[in-house]
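Take a look at the structure set out below.
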Amino acid sequence: MTLLAPLAAAGFGLAMIGAALMALRARSTAVAVLAAGLVSLFASVLFLILAAPDVAMTEAAIGSGLTTFLFFYVLGRIRREGYDDD
Amino acid sequence: MTGPFALIGALIVLAGAAFLFLGGLGLYRMPDSYTRIQAGTKATTLGTLLVLAGAAFLMPGWWIKLMLILLFLMFTNPLSSQVLARAAHRAGIRPAPETRADALADDQGDAS
Amino acid sequence: MLPTIAMATGFALILMGLYGALTHRNILRMILGFTIASTGVNVVLVSVGYMPGRTAPIMDSAVPVADAAARVIDPVPQALVLTAIVIGLGVTALMLAYAYRLFRIRHSLDISKFTELKW
Amino acid sequence: MVETILIAAAALVALAFVLAMLRFLRGPHAVDRVIGFDVLTIISITGIVLVALVEGRAIYLDVALVYALLSFLGVIVAARYLEGGEE
């Protein structure tokens, strides 16, 4: 049991770094926003492993839910006014 | 994590994890988006529900919260799967060449 | 072991977010890099406050109030990070609103099209 | 006995996580990536429940509840954005 938490933290850390690389290198902005939401989601599980459930709750609600919602709202408005970078 | 039903609960959790693994395998190996939605939402929903039920056997005092999560997943997962399939259809993704029928395209052809 | 791994992840996220904010031309991608860097800062702060062998600072039947001081993590860094997350959302929303206003003016998201502050 | 079975279940969940992450990283179309995102959130909810079982704290289950609610919102918003994609 003492080895389980560092292993899980290392796995989630690697997944976070992979998702962040994807957010930096993706060609489409929508995919980059999704990857950034995934980084927040994994950060929430990492906070839970670090024994901070309140921070994990806030990160899951705000970092992953509301930020993704805001980005897609702005992207939708920009697309409706005619801008074709996707 | 003791009690008369601990072993049964652990076995149910293991079955749910096996369903999750099969869902991930199907998500990786299926040929097109629609079959990936099929594997990725149905199998993983069953796996998560089994894990939650097994946790209720392992920790009998937690059953109210576990039941809430279970009900919520049962309401939201089919909805997100349906929205995803409709988004894939409207984004113009072609199904795999073995596909025989496309009921949504038939319906829209009748309507317009 | 655990806080070291989390701290390394957090610093890697900070560096990658700064790289993205500095090298992209698209304004939305720069804001995205800033978001990733802020997540990394939060991970570093929480991992600084972690103590091995202790549990979450919430009192319930598993942690009675009497021996809470010996079994519970310091809650101050967690409260700090909680505030930082919410303020990060506010800053991101403000930056997105500015990006939208800039797009309305110039009909482009490329940062090199905005040349009023160059000399 | 119970701990061994739970560790085996955690290993299976980790394998499923790796496969879904590969699909998210490779997926040819954006819709495939959204499917991978959805499956990753479901697998993470299972991981949170396993962490709560190992730690023995009931408060961790609330995180799973919030997680399910908000990640569902993210998937819906992303799918609604991609619907109007190529037209």
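Just so it is clear, A, B, C and D label the chains in written order, and each chain counts residues from 1 on its own.
Please note the rule applied: contacts are C-beta pairs under 8 Å (C-beta built on N, C-alpha and C of every residue); 3 or more make two chains touch, one makes a residue touch a chain.
To keep track of the chains, here are their UniProt names: A = MrpA C-terminal/MbhD domain-containing protein; B = Na+/H+ antiporter subunit G; C, D = Cation:proton antiporter.
Please read all numbers here as calculations on a predicted model, not as lab measurements.
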{"item": "Centroid comparison with chain B (Na+/H+ antiporter subunit G) (C-alpha atoms), farthest chain", "value": "C"}
{"item": "Which of B-D and A-C has more C-beta contact pairs", "value": "B-D"}
{"item": "Euclidean distance of C-alpha centroids - chain A vs chain D (Cation:proton antiporter), Å", "value": "12"}
{"item": "Distance from the mean Cα position of chain C (Cation:proton antiporter) to that of chain B (Na+/H+ antiporter subunit G), given in whole angstrom", "value": "31"}
{"item": "Sequence positions of chain D (Cation:proton antiporter) contacting 2 or more other chains", "value": "10, 17, 30, 34, 56-60, 62, 69, 80, 82, 84-85"}
{"item": "Touching two or more other chains - residue numbers and ranges from chain B (Na+/H+ antiporter subunit G)", "value": "none"}
{"item": "Where chain C (Cation:proton antiporter) touches two or more other chains at once, by residue number", "value": "55-56, 58"}
{"item": "Touching residues (chain side chain D (Cation:proton antiporter), partner chain A) in the complex", "value": "3, 7, 10, 14, 17, 21, 24-25, 30, 33-34, 37, 40-41, 44, 47-48, 51, 54, 57, 59-60, 62-63, 66-67, 69-71, 73-74, 77-78, 80-82, 84-85"}
{"item": "Chain D (Cation:proton antiporter) residues within the chain C (Cation:proton antiporter) interface of the complex", "value": "55-60"}
{"item": "Residues of chain A touching chain D (Cation:proton antiporter) in the complex", "value": "1, 4, 8, 11, 15, 18-19, 22, 28, 30-31, 33-34, 37-38, 41-42, 44-45, 48-49, 53, 56-57, 60-61, 64-66, 68-69, 72-73, 75-76, 79, 86"}
{"item": "Interface residues, chain A side, partner chain C (Cation:proton antiporter) - complex", "value": "5-6, 9-10, 13, 16-17, 20-21, 23-24, 29, 32-33, 36, 39-40, 43, 46-47, 49-55, 58-59, 62-63, 66-67, 70-71, 74-75, 77-78, 81-83, 85"}
{"item": "Interface residues, chain D (Cation:proton antiporter) side, partner chain B (Na+/H+ antiporter subunit G) - complex", "value": "1-2, 5-6, 8-10, 12-13, 15-20, 22-23, 29-32, 34-36, 38-39, 42-43, 45-46, 49-50, 52-53, 56, 58, 61-62, 64-65, 68-69, 72, 75-76, 79-80, 82-87"}
